[in-house]
Structures are given as structure tokens and as C-alpha cells.
Amino acid sequence: MLGVALLGAGRIGQVHAKSITANEGCRLIAVADVFEEAARTLAAAYGAEARSVEAILADPAVEAVLIATSTDTHSDLIEAATAAGKAVLCEKPVDLSLERALACLGRVEASARPVMVGFNRRFDPNFAALKAAFDAGEIGKGELLSITSFDPAPPPVSYIKVSGGLFRDMMIHDFDMACWIMGGAPATVSAVGSAIVDPEIGAAGDVDTAVVTLTWADGRIAVIRNSRRAAYGYDQRVELLGSEGLLAAQNVLENTVEKTTAAGKVSAKPEFFFLERYMRAYEIEWTAFVEALKAGAAMPVSLAEGVAALACAEAATRSAATGARVSITPDMLGAA
Amino acid sequence: MLGVALLGAGRIGQVHAKSITANEGCRLIAVADVFEEAARTLAAAYGAEARSVEAILADPAVEAVLIATSTDTHSDLIEAATAAGKAVLCEKPVDLSLERALACLGRVEASARPVMVGFNRRFDPNFAALKAAFDAGEIGKGELLSITSFDPAPPPVSYIKVSGGLFRDMMIHDFDMACWIMGGAPATVSAVGSAIVDPEIGAAGDVDTAVVTLTWADGRIAVIRNSRRAAYGYDQRVELLGSEGLLAAQNVLENTVEKTTAAGKVSAKPEFFFLERYMRAYEIEWTAFVEALKAGAAMPVSLAEGVAALACAEAATRSAATGARVSITPDMLGAA
Amino acid sequence: MLGVALLGAGRIGQVHAKSITANEGCRLIAVADVFEEAARTLAAAYGAEARSVEAILADPAVEAVLIATSTDTHSDLIEAATAAGKAVLCEKPVDLSLERALACLGRVEASARPVMVGFNRRFDPNFAALKAAFDAGEIGKGELLSITSFDPAPPPVSYIKVSGGLFRDMMIHDFDMACWIMGGAPATVSAVGSAIVDPEIGAAGDVDTAVVTLTWADGRIAVIRNSRRAAYGYDQRVELLGSEGLLAAQNVLENTVEKTTAAGKVSAKPEFFFLERYMRAYEIEWTAFVEALKAGAAMPVSLAEGVAALACAEAATRSAATGARVSITPDMLGAA
Amino acid sequence: MLGVALLGAGRIGQVHAKSITANEGCRLIAVADVFEEAARTLAAAYGAEARSVEAILADPAVEAVLIATSTDTHSDLIEAATAAGKAVLCEKPVDLSLERALACLGRVEASARPVMVGFNRRFDPNFAALKAAFDAGEIGKGELLSITSFDPAPPPVSYIKVSGGLFRDMMIHDFDMACWIMGGAPATVSAVGSAIVDPEIGAAGDVDTAVVTLTWADGRIAVIRNSRRAAYGYDQRVELLGSEGLLAAQNVLENTVEKTTAAGKVSAKPEFFFLERYMRAYEIEWTAFVEALKAGAAMPVSLAEGVAALACAEAATRSAATGARVSITPDMLGAA
């Protein structure tokens, strides 16, 4: 039994608590949260204890820590937990500051403890099937990747202001998907964005609609489309053109019912948002972390990969502002 | 907390054990099986006890019994459990003998205990969405219903021999679906069947491919297609033509990936078999039973409805043998 | 250049005039119609002459005759044209009376002139592709065929009264499709039908909704669904379950646009009716006739096949009335 | 009857000859081509004369001229034909040189003769239905447009060398689609491209895979994806995200047959290339030209719109080379 502690008892922490306790090889020992009441309630629901982070890190029974706290605490907690000898699964993004994330990466590499970043979409069965088919050579060499990622509705502007901006907060997932599918970080990033959904988002210095184009040195290209609003729900698709064909992962629909009348054929909407669409992915993500730990294998999503996604976000933010194509240089990826 | 006992620890019993224990309002007290070892193993996995049926029925803490034993024991156990004051959820079919099932219905009605028959497909979210849209009047009056139900592969001939035949064993689900969607038992049944998949099935006196047509007194028609073999897996579709349109519930696919090459566009197969396709339906079925019990509401699938499906199977068996259209008479439905 | 005359200048005659004149190897010489004005107008539009049937049959320049007159004249005209040495393409059905059609078949066989029956659906590119895939062995042995054929709206009751009934007038197409795909006439026919769309149709002694099940001696089964009304237009689908898979030909939609909003995803309706859906099939049908003639090959749809479809319709009419399964005996197919 | 002459008897000229002669209101008087034999053959097939361009422009019976010659002659012929008082439908692009096209635009405006540019995709029934739904307000305000346009295979490198490059030769269609759907030329253009399909294309100074992002002053964005190779044929899709939903025009498939086996469900490929996919669009395009002429209405695609698409291509070529976002200035659109 793997002894686990959960840091963060908010919405996503609750999702993770479920995955941790559903895994027969894990025991949830403790939960921490800045709001003690939240920690207590969640801990009680799963027969665990509410504790401080310090108490958790000091407990040798805790072998792994899942970090689901606010983004500004991720780097510090990763460092503290690895320093205490724990294995770590940390929610995305690693940090809003690429500089800070790079420093964290250096310290973690020194600690030699396993750290995984929680890019849940890699574990969605549909995207995983696309990746597997591609890696099996079913469409030859990958040439042009397209990722669509639209949220149902923008978050409150108060959240936007502390989010780090669309590229770091929302498109970070898509940067990781692109690097994962294409097998490494891109060479250049070109971005455009605008606040067309809600001018208040523009007034807060952010964009709500954006298109980013990535290139690799060998000529491969990826394009990412993001919008903070799709009236029909959560739109999550991937399409990869290869030398021998096209692979596409379409949306998961709410049901399979079709109604045909004089107005046409109506089928269901996509599943509404990430808690519906990716619930299964979160479970698989946790299982993948636990199995890699037990096998002593490489983490399914490394901290360096988390930093690479952040480097793309940093570059996109700059490109959107200046109109220039931005290169991803080795130092942005933590290369010595 | 509802005290529950499970009779039957085989494949489907194991599925139900999961649903019972996943329901926060239930406590699984005991498991019984003719193979004591099976009962012990399953009980242990969920912190319950292995007991005899007698001990279970004698325990006042057991308020509800889920019957997942072999079909030939269903009627006896329903009668014994209701006589002992328990609420019952019994797997389909009620019995292979319509006469025996009718006798059981009479006794249960005398006991006034709630009995539900486990027609899991009604609780599949796709079929439930179709039914809800129909009931909401979205396609007007229902006129022509079509149900497709193909298994991936036939069971062993040894099973076929004790199964009661395709109409009682397999199409029983579709008869219930037809009665449920159309709002009552049909007036006539016409059937054809043949053993084209496997001549051994024919030698055993059964068919493996069949088409049955049902009519209602007001002219509505339903047609059911069954095959014991679909090379691509489990094919489970419903289509209803109404005066204002068509409703269809399509198959649930294994994933949403599409690969387009010079050979065309390939998408995924349907989910393989009932354990994949209907796992969620079993959970919802159990929840529906528990909620109806707690509310003192009518059972979501009554024993009389279980008998009606069996009456259709009986009539289809006769029609396939004789070539004549067979009427469903009131006595076949247990009318006084 | 093949010299051609067209008998019948109504709606379907006009469609055929287009196909005849679009074929570079044909010359439309003359058009006949009981309404001379209709013949004159249509002839003028294509640079042909309006003539009487007698004048047409007496003209040695006319090598082939396309019969698109009212059904009650088909047998007489087929006999007269073949007696005059013409090749014939005749619209379906051969006749409303099986007896009369059988007599016609006898005389045509004696004349040894080529006669083709205009079952246009065989020439629809989608159904032809399904048939080609099946014949190429792509799904193994065919076991269970399903044909769906719904019209957008019923014809006037005045038409219903002289139509010969749904089985001869409408389902005749589907009987031919079934015989064509399965490779010969069935052994038995079981039918149910009702007038649920329009009670006036019932008052006229006909049905508007029907399901017919066909069986072959080796156990293969086909089921045909017909309705005189589909609120969404013309529904024309075929599905064939084989030992190694399923082939389906879906509807042709009006366009490929999909609109997704909070109400779901809306795609286009099927093409509205047979003139939209089968325009291309009529052209290909005519080309197939001309090419077979030129090559001296067997007619793509023989008169005997036209009679077989009618025998199925006859049997279905009887089965619907009596509730009994009806056998197709050799004499119903014109066997000596 | 509109007297028409066709300049250019190559592959696309032959397509247009068919549309001209299929239109009942038009008479094809003459055909010209630098290869006189080609002009003679095509003219003969439709009962027209082969003539020189000069003779055509001098003939007052010729009211309209369709220019389907090589691109380098377009501007000259447009100017000569309008100077001779003819109405003109000219194939795309107007020219490879924006400067030359702007000069042509100036002269045509002075002539006040109607000139239409042959952007055939606007007349595809699917794209037209999407545009109509958008203009009818069905998805609210348009925010993010995506156009996919992949050819089945690259043309010979010899063609690439004189083509003007992918942005002027191939993506010109997509630039027009974007301007048409969004209602005007964009403010900025950002492009990336690479020669990943065929290094010889790169050696010839061109790209074969490209992504271009367009922005409008009010924040709307469009993204265009082009590849010279899709192993499965011609991929032509449009997708528009609006404030209230998403409109998508999907590919037109070769047929509607689906085969489901243990390997999944296989459906047909898209129609292979532009002659298959857009044959109907060419007919509708010609009809639209003729009807606008007869009505004295504005041309459905103006010469200024042809110039705007070329301005986008010019900007994309520059952006791909420099990595900078390029503005579309008023002078690039011919503004005084």
C-alpha cells in the first residue's frame, strides 16, 4: 500500500481524492488545505486525517504527495516535498514564472526524487488511442497537428487577473499535448490573440480567443485554437495529418441519441466541461503515476515536460504582444 | 442505510455487488451462493458475510434482496423473499415458464412487497434519453419501433440447451424494451428464426438469428432483430419513427478516434459486450430501485412487466414454430 | 446511335427523356402519351416527334422503347413492343396482377427480345457500392438483411385506391432490392401492416405502415420496413449483417453542414424524395440498359426478376390479411 | 441568349464549356487557345467555332468572355475584354503580381464593365449553406474561422516553379473564402510554412505545408491550414465559431456505405479532387454570373475581391519568410 497525502482540498483536490482512494494499492493518509475546514471535511469523507503540510512532509508513512493547491505554491511545495524524500504528482502548471519553474526543475533534478506533472489530457482514452495509433505508424510521419480547445464559458475576470493569462493558464494543456504528440518541444512559436468574447478580459490585459502556431526544426507544424467560450460546451479535439493519412480524436458526446425531424438531424452536445469529459482521465493519470512509482520507471509526464509547456506559453505571450515569431531556446527548457 | 443481501455470486452477481456497495445509502450484509467459496470470496471483498439463503431471509436487518442466481431459481426465491417481507430486485427473466411466472406474480401481489425485475437496458443513459425525448412529445405519436440487438458471439451449445431458447433468453430484453417504449404489451407477435450462425444451435432446437414483429391494437408496430453473432461486437440500437420525426439511439463506441487513409475513414467498434456497454446502466438500475424503495414509489420495472416480456417470448416461440401470428391474450399477462 | 422512343410523358417520363438524351449513344426519335399535348411538349424540348404508340412500334428506326406509362398498360405494351422486335426498358411494377405478369413473361420469353425492368435503386451508387462490397466477400456470408424505405408523405387517397396497395406499389422496390442483394427470390413471406398514418388509407383498404419478413431456404432472413410518412423526408437505407461484419448504406443528406449550439448538433435532412435522391440512379440505369443491349449481354434487371418482386408483393398482401406466413412457390415465379 | 466565348481549352476550360452549354440562356459562340487543335476539338464538341482572341473580342455577338487561360495572361485578357465592352468571368488568381493586379483593377473600374473572379468554392452548396446560416444569425457574431484545404498530392515541381508559390496558387482560394465569410479583408497576416512533403518543393523555393493566421481590427481571427498532400484525397472543410455556436461544413464523401468488422467501422473517403468535389460548384458559379449580368446586379465575386485575396497571399509570402506579422494596408487593396 502506497501512503499518500493530498495537498489542496478544493474542486480538483476532491477529484483526486476519489482517484487516490479508488486505487486499491493506495491509502490516503492525510489532507492539507489553507482552509482547515475544507481539509477536515474531505479527509473525513475518506477516513483520512486533516494535517498541516509540515506534519505531512515529516511523516515517513507518506510516500507520495499529490499537489492540488493554488498555482503560486506549486514550485515551493514540489521542492519541499522532494527535499523530504516524497514522490510528487503536481497539478499543472508548474508555475506562472518560467524562471521560477526552471529553478524548481534544477532542485528536483538534484533531489533525484520522481516528480510528475498532472497533464490529465494525455490520459484521456481518446487522445491516448490517437497517440498509440500514431506511434504505431498508422499514418506515417506526422506533419501538421491541430488542437482545438474551447471552454464553455470564461471564468470570472477576478480569476483571469491572477491566472497568468490564457497562454499559461488554459493553452498550457495544449502546449503539452503538442509536445507530447510531436515528441519534444517546438523550435518557434507564433501567436495572435484578442478579447472578442468579453472586453473586460481585454481590459484585464488578457485575451479570450487565440491561435498559436508551433514549428519544429524539421518542418513539422502544429496549430492550437483556444476560445474561452463555446456556447455548446467543452470542445476538445485533436487532428494529426501524416504522410499516410489523418488521425482525429473527436468530442465525447453526452449520449448517442439522434432526432431527425423537418428541422434536420439533432445529436447531442459534447460533454459539458472538464469534470465530465476528463473524470476518467484523472483516474488513469493517478494509476499511471502509481504504477510508474512501483516499477521504478520514468514518470509518465516529467517535470521537464511541465517546464517545456510553460516555455511555449511564455513564448506565445511574447509573440502575441509583439507580432514576431519567437524561438524556444535551450535555456528556456532548462538545458545546462 | 438499507440492509441488502445478494443471492448469487457469479459474474452478474459480482457486477451487482459493486453497484450495491457504491451506493452510499446501502450496506451489503450478506452474500449467498450454491458454491460457498464464491460467496465467501465476494463477501470478503466487500466486508460482508457469506450465508445461506435461509439465514439471509431470517435476518430482519436484511431489508432488500438482489436475486442474481440461475434462472430456474428466480420464481422460488422471489416468493420466499417476499414472504419473508423483503423487497426484491430480481435479474431477468422471471422464469422460463410463463405459467410458473404467472403463479409467482399472483403470490407476490398477495404479499404486497415491492419486486423489481432487472431489465438493465431501460437504465442505459442513451435509451433513457430516447425514451425521455419520446415521452416529451418530440416526435409526436410513435408508429414504428425498431430494436437491434446482436451479441458478439453465441454462447456454448451447452448453455443454449438450458437457456429456454433465444426468444426467452436473449430477446426477452428487447420485448421489455418494446413494451416499455410503446407503453404496454402488444396485441400480436409474429416471428421467424433460423440457425444460420451455427447449425449445432439448430440441432439443439434453437435459433440464432430471428426477426419478430409486434403489433398493438391501434396499429402501432415494432420489429426486433436478434443475432447471436456480430463480428464487430455488441450491437445495441433503438429507432422509433413517429408522426413528426425519428429518434435513434446509436451504439456507444470504444473511443472517438477516426483514421482516414486511402482505404477510407475508420472509426472505432461498438463497446464489446454487455459488461462494457451496460456497466453504468447496472449502477443506475440499482440506484433507481433504492430510491423507489425509500420513496415508497412504484417499482421502476414491475414484476407484471417481467411477465409481459415473458409472454411475448412465449408467443414468439410459438409463432416461429408454426408460421402463424400469435395473439397476446389477457390471461398471458396475468389478468384475472 | 440507338434509336429510342419514349412511351409516357408524365413526371417519370420527363426524367427518362433527360437520361436518354444525355446518353451520347442514343437518339430520342419519338414520344407518345395519351395526352397528346404532353407528348408534343416533351418531344419538342428534345427535338423528337410526338407520335402514336402504333406509329412508334411500326418504325424500324426505333430499336428500343422505354415504357413509362401508367401501370395498367405495362404488360400490354411490353408484349406489343417485343412482338414488334423492340428492346424494352419498362418502369416498375410489371403489372398489379401476378397472373397477368406471368402471362407477359411467357410471351416475352417466346419473343426472345431483351426486356429490362426499371428498378432504379439498384443503380444508386450507394446501394451499388454496398452490393459490390458484399459480392467481393467483405462481410462473409449474408445472414440478415434490413431495408428501410419511408416516403416523406402519403400520396392522395385517390391514388392509393388504384395503386394496388402498399406492397405492390411501394414495397415492390424493396422486394427487388432484397432479391437482388440476396441472390434470388425468398421461400416465405410474413407481413403485418396498418393504417396508422392516415385512417382514410385504411378505409380505402390499404395500409401505410408495414413490416415484412422474408426467409430463404438456407435460413437467411430479410426484413423490410415501409412507412408512407417520414416527417424529415425520404428515408432509404440498407443494412446487411454477414458472418464477418455489417454493411450499411446510409441516407444521402442535403448538405454537409453541421451546426452545434446549446441545443445540440444539427445536421441536414436526407434528400427529400426520389427525384432528388435517385436522379443519378436513373441516368446510370439507362446507361446500363444501353450498354447491355450493345454488348448483347443479359439485361441488368430481367423481366423474371420483375415478376419475382411482384410475387413477393402478392404473398405479402395475403400474409398481412391472414396473419399466416406465405410460401413463394415455383409457379408464382413462372417456373414451368 | 447570351453570346459567350471561352478563352482557354485546357482541363478547366473544358469544365467551363460544359457549364456554359448546360445553361439554357447561353450560346457558346467561340473557343480560343494557344494550341489551336485544343480549341478546335473543344469547339467542335459543342457546335462552336475555334477563333483567335482578337476575332472573338471583335465580334459584337460575343457579350461575355470566360477566361480560363494560364495565369500570366489573366490581367491582359481582362483588360482587353473589358476594353472591347465584354463582360468577363476570369479564373483565379487575377495575377501573380499584386502590383499588376492593382493596375488591372484600376483599368477595369474605368471601363465600368462587369468582371467576376472565378472563386468556385463560394458556390459549393455546402459552403454556401454554411455562409447562409451564418448570415442568418444562427451562431451569432463570428469570432474564429478555420479553413482546411489539403490537396491529394503535390503537382510536379516544374509547375511549382511557375505557380507563384503555395500562398498565391493554392491558398488564394482560402484567402477568398476567409474574406467572403468574414465580410472583408483582414488587417494582419501571419504565416509559417515548410517543405516537409517533398524537399524538392523546398529546393524550388516554395512550401508544401502552411498555416496562416488572419486577424481583423475588431479582434476576429481566421486560421487556414494547407497541405499539398493528403493520402486520402481532397480535404475541404470550413468551421466557424460564433458567439452562439459552431458551424462546420464537412467533406463530401464518395458514398454513404459503412462497413463494420472486427477492425472497426470504415466509411468512404472524401471525393478525390476538385473536379469531383466542385463540378456542381462550377455550374452554379456560371449560372450566378449569367443571372447577375441579366439582372444588371453586382458581380457575385468582384475583381476587387480577387485583388484582396492576392494581397493576403502577398502578405503571407512575406510573413512566412520573415517571421513577422504583416499588415494589409489600404494601398494593397487598391484604395485610392
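Order of writing sets the labels: A, B, C and D. Residues in every chain begin at 1.
Rule of thumb we're sticking to: contacts are C-beta pairs under 8 Å (C-beta built on N, C-alpha and C of every residue); 3 or more make two chains touch, one makes a residue touch a chain.
All values reported here derive from a predicted model rather than from experimental measurement.
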Using C-alpha centroids, which chain lies at the maximum separation from chain D?
B
Considering A-B alongside A-D, which chain pair is linked by more C-beta pairs in contact?
A-D
Averaging only over C-alpha atoms, locate the centres of chain B and chain D and give their separation in whole Å.
58
Between chain B and chain A, distance of the C-alpha-averaged centres to the nearest whole Å:
41
Could you tell me which residues belong to chain C and also touch two or more other chains?
139, 231-232, 244-246, 260-262, 268
Any idea which chain D residues touch chain C in the complex?
125-126, 129-130, 133, 138-139, 244-252, 255-262, 268
Note which residues of chain D are touching chain A in the complex, please.
139-140, 143-144, 146, 150, 188, 190, 192, 194-197, 202, 209-211, 213, 215, 218-221, 223, 225, 227, 229-232, 235, 241-246, 323-325
Chain A-facing residues of chain C, complex
231-233, 260-269
